[in-house]
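Lettered A, B, C and D in written order, each chain numbered from 1.
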Amino acid sequence: MPDHAAKGRYSVVQHFAVAENMMRLTIESEGELPPYLPGQFLHIRVTDGSDHLLRRPISLCTASRIHKQFTVVYRISGKGTKLLADKRVGDTLDVLGPLGKGFPLHKGDRNVLLLGGGIGVPPMVELAKQLTIQGVKVTTIVGFQTASQAILIDDLSQYGEVLVATNDGSLGQKGFVTQYLTEERLAETDRFYACGPSPMLAAVQKATGEKAVGYLSLEERMGCGIGLCAACVHKAVMPDGSVGYRKVCKEGPVFAAEEVVFDV
Amino acid sequence: MSKEVDLSVQIGDLQLKNPVMPASGCFAFGKEMAEWYDLSRLGAIMVKATTLEPRLGNPTPRVAETSGGMLNAIGLQNPGVEKVISEELPHLRQYEDLKIIVNVAGTAIDDYVETARRLSESGLADALELNISCPNVKCGGIQFGVDPTLAADLVRAVKQVTSVPLIVKLSPNVTDIVEMARAVEAAGADALSMINTLVGMHIDLEKRKPLIAIGTGGLSGPAVKPVAIRMIYQAAQAVRIPIIGMGGIMSGEDAIEYFMAGASAVAVGTANFVNPFACPEILDEIVAWCQGHGVERVRELTGAAWKEGEMPGA
Amino acid sequence: MSKEVDLSVQIGDLQLKNPVMPASGCFAFGKEMAEWYDLSRLGAIMVKATTLEPRLGNPTPRVAETSGGMLNAIGLQNPGVEKVISEELPHLRQYEDLKIIVNVAGTAIDDYVETARRLSESGLADALELNISCPNVKCGGIQFGVDPTLAADLVRAVKQVTSVPLIVKLSPNVTDIVEMARAVEAAGADALSMINTLVGMHIDLEKRKPLIAIGTGGLSGPAVKPVAIRMIYQAAQAVRIPIIGMGGIMSGEDAIEYFMAGASAVAVGTANFVNPFACPEILDEIVAWCQGHGVERVRELTGAAWKEGEMPGA
Amino acid sequence: MPDHAAKGRYSVVQHFAVAENMMRLTIESEGELPPYLPGQFLHIRVTDGSDHLLRRPISLCTASRIHKQFTVVYRISGKGTKLLADKRVGDTLDVLGPLGKGFPLHKGDRNVLLLGGGIGVPPMVELAKQLTIQGVKVTTIVGFQTASQAILIDDLSQYGEVLVATNDGSLGQKGFVTQYLTEERLAETDRFYACGPSPMLAAVQKATGEKAVGYLSLEERMGCGIGLCAACVHKAVMPDGSVGYRKVCKEGPVFAAEEVVFDV
């Protein structure tokens, strides 16, 4: 089995609510952790039976190799995440991954911008951590519907300035994350990394345009999570330059921003 | 130590070292899974549907979860037969004794025939699986899958241009599966594979429309197993050609059930999504079951659940 | 307080105070369930299949569990139409506004007609449900269920001797559900109920034979819901008569999905076995869902998932 | 809701193995226990999802109104009971019942014989208890395949003599329970109560014949357990004297011995 393909049982060691319908889950491996990158996702079974067959993709939020722990933060949004939320400390979980292509780190970057919207915020934590370790200055812009849904601001603040936007203005500035993408800020940014709902990513792509290079992490419904089924495709520029469907689970979820094609 | 179990099975002229293979569309062209385990563990591989021209496939969402199963409407996304031959199949030849079965799809007799001809001539397909049953594309071959006369015409035409065994994949969305099985057997099919997916739908209550972008999708997974077992039990006793069984196989016991119903080999689809190691684990479980039950040759199990006196083709 | 939701629906001439009823064969004749709750909570009750003569039914085992569902082969066990009229139905009249729908089964046009005539004349049936789709008896009416011409003949014959609304229960074991729906509509059906069970099989590995004594059984439960939703979505847009939807309904949300697919009312089968309070709880959940989504009349939801411009019978 | 129709959630308070693949499970109700009779069964959901839809019927073994507890003893025989065996103390279970007709107790009986075979032994415990409380002298005959499968002998010994038979002679006498049904013993028996596999019950029916009256508790695969589906029927003499199918869940599982018809 190569480095990036791992299947394991993990024990739940922490599991608690961090905001309205948002849970923070820490799981621990018996053996060593498989290799991981910020932006990769864990593919989690929510039952052992055949009731909910498909795994749920949840981004890695942080990891600790020493403690053999992965942490994810997820929203209870449907039947599967509801079942997941019932798991108690001591229960075990069947997890694939971390899977997919994570956020590439570039030597020489000095200032980077992280953009997270809603449940796109979690992957920014491990990313901010790794960038900081490499001596990169990190600024994070996060957006939420409303204050009660805000997550991980404290975690992110450890690694640099955090700017907040909420749709209703109940926390930080009212509006979207893109309002912080001023000409000035983009000019001093070496690279950006974004994760969030499609409309946000499309807006980020538009706002950055020629002004900054960066990455977008996409979300699509998945069948397998490992490149077998072609369920998770998103329109993107193909290696040959044409526009086609690329697999988010295997070729992504992280794509170079300029490669991604959004239907308008 | 437990006795060795003879796992070899024969599908027409195709000799398989063991009866477990991934089902078409659930294993891409094998490259991704090769990162997880050595594909020589498999008896064969049924690769993704191949069409004459490249296909982009359907818009997303392409999958939905249902009780004990899932819906899919991938829409035959594939790079077209030329690229399949030049880029996707060659790497599979590195695996010892791994038979390559290429799933062929189309819209009319002509393109089916041309695709099949090229694959047969490529020397890279050990057998073809004629997909006359994909429910997920308009004009995607499903009309052949539900009409015995059309199906027979197609099989005859493809048979004329191919030299490798021809497996015909039947649709479960028919009134009379036995009639379909008999028609394609009479037209020259060397084996059957069954079942493809049942046509289903899931509605997104918040959006008030079908969740799958194109509306309907194909239902697979454990939910459909009883339907597949019934159809194989009926068809296997009505024809003389062997059957590759599929539909909701998640464990070695499920596979044994397929053998007893009349299948000679099994294909594993949805289970690969749940567990990447599904195929080799199912194979191990088949061996363990046989050892626990004193079965020396897995092929002895085929049709074991038929009533006394019911013999295939009799 | 939340707004009252108007739950009333109309199935042909049959006015129901709410759209939830138990499905035939899953509620016997109501006496047993009356020990659990007040049956006037139900919009209607679809009682067990009734035949002209008493039927003993099939040998046991008659049920098997499958992933997300179950197989049954009860075999129309019932005391015959005379006893049904004299002993089973009268007690149901005590429940206010509970419409009694009697499921009618048979083997040939004659006995169907005679059973229907007696039930219609008894005054104890508010509607009849013509069971042309029971897969569990040889000559049990399934031949009518898969042949549009036979089905239409039967419907016409029964229509002539009955004065109550006639609901025709369709089998999902057909290639073209729309053709069946159109055929029985043209023959005079006042409504459709769909779907009956899918034919399936489960094999007992230790005994090496089908677990269900007669071999095959009818698959019901959540596993079949996607198939039912798809068929109703298709049929409802092809006919003008209303549809009672069924197949795997376990919750209010499942029922809402049926409405959006095109059903005007729903019947609950297998769920009663899991939870005796399934019907009233589903009704409560429908109300809660409507209140949470600003839906004032449940009947507004019928067909909500159709594409713009798709209207029934259009 | 009438007395005999109850649905509730119970907490697992004890759960442990008592023999090879045999578990003893005690569950506790928050409120008062519903009414129960020996010979009735609990109808237990083994999952909350739709994976294993059908409930599993398990006979009441003993009950304690004061502790609000029911105890059952069951064999791990298939997928559902395997899942049930995974339940830990503190987990909750969805239970219908007790359901069905239990063993009728008759005033005036002085000597009764209980016959249990394999997983037909558990209901004899509550029956022996209630009979003893009424002052009836109880003799229990139990049969097992082999010693490692023997259960509940200590529990039953509290209420009178226990005679044991095993197929392989590894405990008690070699052979079947019916070997203890001597003319003499039957002559001094006012009534017998039997539960076990069909061949045993048929043998008991034959051996007792005109010599003793009693009850047989039957086992059939169930759909609903409450009389709705007609899955669980067994051939028996109908009220009108003809032979027909009667519902084991609702009209049984306990029938007068002379009413039951076995296919030979």
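Details
Everything that follows uses one rule, which is that a residue touches a chain if its C-beta (ideal position, glycine included) is under 8 Å from a C-beta of that chain, and two chains touch if they have at least 3 such contacts.
Since we're looking at a predicted model, the values are computed, not measured.
Matching residue numbers shows that C-D is the pair in A-C, C-D or B-D whose interface repeats A-B, with more than half of the contact pairs in common.
Here the spacing of chain A and chain C, counted between their Cα centres, is 46 Å. With centres set at the average Cα position, the gap from chain C to chain D is 36 Å. Distance between chain centres (mean CA atoms), chain A to chain D: 55 Å.
Those residues of chain A in touch with two or more other chains are numbered 50-52. Of all residues in chain B, those touching 2 or more other chains are 67-69, 221-223, listed in ascending order.
In terms of which chains touch, the assembly is arranged so that all chains touch all other chains.
Across the complex, chain D meets chain B through its residues 50-51. Residues of chain D that touch chain A in their complex: 47, 49-52, 83. Interface residues of chain C, counted against chain D in their complex, comprise 25-28, 32-33, 35-37, 48, 56-57, 60-65, 67-70, 72, 74, 77, 221-223, 250, 270, 272-277. Listing the residues of chain A that touch chain B in their complex gives 1-2, 4-5, 7, 45, 50-55, 80, 96, 220-234, 244-245, 250. Here chain C touches chain A in the complex through residues 67-68, going by the rule given at the top.
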